[in-house]
Amino acid sequence: MTMPVDMSTTLGNAWFPNPLFTASGCASSGRELAQFFPLKEIGAVVTKSVMSKPRHGRPTPRMAETPSGMLNSIGLQGPGIDAFLAHDVPWLLEQKSRVIVSIAGETIEEYATLARKLRSASGISAVEVNISCPNVENRGLVFACDPDASRRVIDGVRKTIGGDLPIIAKLSPDVTDLPAIAKGVVDAGADALALINTVLGMVINVDTMRPHLGGKTGGLSGPAIKPIAVRAIYQVHAALPKVPILGMGGVASGKDALELILAGASGISVGTASFGNPHAIIEVRDQLQQLLAARGFTTLSQAVGYAHRSEEVM
Amino acid sequence: MATINKNAVRQIVTVLSNKRVGAYHQILLSVGDIVKSCRPGNFVAISVGGAGSRMILRRAFAISRTSDNSQYGGTMELIVAPHGSGSSWLCAQPEGTEIDILAPLGTAFGIPTQPINALLIGGGYGSAPLFGLADVLKSRGCKVDMLLGASVGSKIYAPMEGKRSVNSLKIYTEDGSMGETGRVTESLLDIVKDRNIDVIYSCGPMAMLRAITEIVSVTEVIHQCAVEESMACGIGICMTCVLPIEKEDGTTYMARSCIDGPVMDGAVVRWDLVGKVPDLL
Amino acid sequence: MTMPVDMSTTLGNAWFPNPLFTASGCASSGRELAQFFPLKEIGAVVTKSVMSKPRHGRPTPRMAETPSGMLNSIGLQGPGIDAFLAHDVPWLLEQKSRVIVSIAGETIEEYATLARKLRSASGISAVEVNISCPNVENRGLVFACDPDASRRVIDGVRKTIGGDLPIIAKLSPDVTDLPAIAKGVVDAGADALALINTVLGMVINVDTMRPHLGGKTGGLSGPAIKPIAVRAIYQVHAALPKVPILGMGGVASGKDALELILAGASGISVGTASFGNPHAIIEVRDQLQQLLAARGFTTLSQAVGYAHRSEEVM
Amino acid sequence: MATINKNAVRQIVTVLSNKRVGAYHQILLSVGDIVKSCRPGNFVAISVGGAGSRMILRRAFAISRTSDNSQYGGTMELIVAPHGSGSSWLCAQPEGTEIDILAPLGTAFGIPTQPINALLIGGGYGSAPLFGLADVLKSRGCKVDMLLGASVGSKIYAPMEGKRSVNSLKIYTEDGSMGETGRVTESLLDIVKDRNIDVIYSCGPMAMLRAITEIVSVTEVIHQCAVEESMACGIGICMTCVLPIEKEDGTTYMARSCIDGPVMDGAVVRWDLVGKVPDLL
């Protein structure tokens, strides 16, 4: 008999009954996973990053399996924000699913436009701002790799969206100084951080002797990057202990989720693991609850960042 | 889409037998009640490599045949080519191994309500789902002809019992080691005309599906093809498996071959754009 | 019957009979691997990064296995340059092994001192400058993460060591703009680049609920990081096509080596794979030769960077 | 060091048998001529997880016994506790499995040239290499006493044939479920004195080795212990497995337990510094 654990969590002023979320781009708009479990069973559905216009994305092949990981190069294929708000969000809310909308843009202005449209949509729990996108106004330099551009994106979203909807800024690990980027976006108004987006990688097809992916480079995800995610979360939590982190990167079991939580995550997104197992999020949730109970935690929040506690005298 | 995969189940199943047949492995799985919801054209996604494997993604295989009998309960047959590490692992699993499957997935071949003249065309292991389809079509009173092609004879999969369910079977190999020398598309237009074909059902390499579509585009024949794109999830959540599809209004969108397929109408696939990105919407 | 392939390669003015090298820190000083194969069979032994003074390194545990990879936190344990030059280098040369000495320092001055000592040692093929070390003069900021500090390290080494000995600058992938760092060190006098050093990671022990490694963070290596290595090599080769690259990161087979070579590497270091298989380097060499031959290459150098060739018309 | 591992061979070997013995698995491998160079104290490094595993490092296990007989040729016995994923994988391999080993590795227990009084102390699976050692010591005319300890009785490994090779065997468990209640160190000093022990050979948890060293530090007894540190390579190239060792001049250096060990002189290990970094040199 283990004690029940209060699994609820908050990101900014948004409350969730449990800390397990889908990862943006790894659950489409939610309908497909709903064949496998009721979406209201998880903390929230984080939807695929949506842009202002419909988009085809990148050419195929869009994926390559790598050792304990995979590369993807989807290129933000999607219906555009209007169709998304008209069809996908209402459907999710009907399922009693909590919804975090992920937005992506090519200009600072596009992010603000997206925020404006979200502002008038009701029922959304939070907005995740995916800033790992190339900035067309600055030689395609990814926003998240440029401290100034990331700050300006979040600032624009904050100003447009008003004070209520929590903003989760999603950062890329492909930077020299992640805590500095994190501080910048928090100063600009982010209520929480999502860590980590995929790591830039490439596979060369040894038969064609060219890059395997249609988009040449791709984002590395899955268990292979878990140690990078843990490090990123630990570093950022050390620098900004008060800022809630939505942790992700290679989580496939309750033990993985616990690692990220001990490092400082208040919520966990499960991405790639759902590709191998559509029930992964539910299983991770249940395993996490048991692991927390076995360690004597009565609430999830007691475990958040617990690996940072000072050394006991031995 | 809303109803696709609604019967999909994840289950640990047992390998009943694993036999080499030419270049392929014929793998029989004991899957219980899953067979009740499997339709010709559906596929199964299989975890490979066992616990602790560095392969994190499932592999997709067409469901070749299913049956439900008193001795073994529901069984599902797969025809697997050892290609890379995952399919080779599967081909190496002996009788008794437990494997983790997710099935049935994806769209199925459309079955006509009227008796029609059907031509089934398979390339390589693409013939696998066609024999089960032939049974269903025959039971609906259809006339079923079949063309199978491959590079070499060992890559023709045409089991004895399968042959019984078709009215005629013609085999082509590129090296002439079995049947006629050449490709299934060799005299396709003639066959279609001579036999008054209403619907072509095909499964095989993308180049074959494209060639069939182009050849029959001058006819009224409907071409239902089961496509094969690299898939990360198999259940519609990753967007890796997309194909360009032409909508009625002439615009093109990227459909997911796992959930909007694998069975698609060949005529709406923009074969010329596969592996490319269509013009902006 | 396949055609013989000329496997020889060069890094700067140093010639090697084949492109397979040990990776620094993954072969100690060579003696231990010599129990498994004659060291002269491989292109060169790259020795463990040596500092000016002897060092104990970091506390244990120093390693954690991760999915398809491992973290290490050795902390540059070693005998110091004097003992190293007195005992290790002469022994290697006696074995007819080619030797690349890896050096590491905590200050720009320490690198220069090490270079001065190397200058008077004879028989060395090249020096690899490991700049993935914390700079004690600048808040422990890793040299390789700071474009200016990396340039100054290489500049100091170049000036001290004179013009003959090729300098290979070893870079960290943990930066926002790797090609910029690469350009900087090449401008400062590096003849070649070694890519990639380990990726910063962390594992939390879910029993002690603290970072598992004695040094808290560690370097991620092994197959898990191969897609990152391929991307890094491809990017840098695109930016600096004339600069030879010693590629590494997760190479465990001839196919892996070929991937890095097609991306732009002229030589390959095998690190972590030797831990699982002491004959890995020899096996990779033989497999690579066969793969090159099967693709019709008659020399290794034809394959270097071949994935960058322009698209043929289809 | 120069001669350590000079006989090490990498070889694919076959599992002859795999039996559960209490909390452990007794695994017998057919290893051929490798046995000729194995000495008590040496260890074997085993690839785990099979081809395509996400576990990239070998696992180290003490060589429990070897024998060379006409029926099976050279065989090597391991006593394996299913601990994490790698050792559990090994424990699950049935007879006939082929596994990739590297052996013999590391230092061996020093065998006296004179008949001495030896006390062998094993903790948990640490007893495994001690029975083979006992045989060798007995053949040199030594008197061999043995103490085995574990938390519970199921973790005492003391095979029948093994018991025959020692003059006395005393068992301790912390919960009293077998032998005496307590630890092997309980009345160690008395035993050493009563039986005129010259050398202690030990293998087991680091805390046990440390306690033994401290207890016998007031005596003249030599303590050869087989240490166990987390190892990435097992062959001296990675520097992960280090232990602080005191040199004659009083300074401390970090020795590699895989190649400067696993058998070390307990008296020179700075047990107080294990897991710490010594002061700068």
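Points to keep in mind about this one:
By written order: A, B, C and D. Residues from 1 in each chain.
Criterion: a residue touches a chain if its C-beta (ideal position, glycine included) is under 8 Å from a C-beta of that chain, and two chains touch if they have at least 3 such contacts.
What you see is a predicted model, and the numbers here were worked out from it, not measured in a lab.
The pair with more inter-chain C-beta contacts, choosing from B-C and C-D, is C-D. Centre-to-centre spacing of chain A and chain D amounts to 47 Å, using the average Cα coordinate of each chain. Separating the centre of chain B from that of chain D, both taken as means of CA atoms, is a distance of 56 Å. Between chain C and chain D, the centres computed from C-alpha atoms are 35 Å apart. Within chain B, contacts with two or more other chains are made by residues 54-55.
Across the assembly, chain C contributes residues 67-69, 222-223 that each touch 2 or more other chains. Chain contacts in this assembly form a complete graph, since each chain touches every other chain. Taken together, the chain A residues at the contact with chain B in this complex read 25-28, 31-33, 35-36, 48, 53-63, 65, 67-70, 72, 74-75, 77, 214, 222-223, 252, 272-279.
Within the complex formed with chain C, the residues of chain D that make contact are 1-2, 4-6, 8, 10, 47, 54-58, 102, 229-243, 252-254, 259, 274-278, 280-281. Taken together, the chain D residues at the contact with chain A in this complex read 54. Residues 49-55, 85, 89 of chain B are the ones touching chain D in the complex. By the touch criterion stated above, chain A contacts chain C in their complex at residues 64, 66-69, 71, 145, 174-177, 199-204, 206, 209-211, 217-218, 220, 222-228, 230-231, 234, 250, 255, 258-259, 262-263, 291, 295, 306-307, 309.
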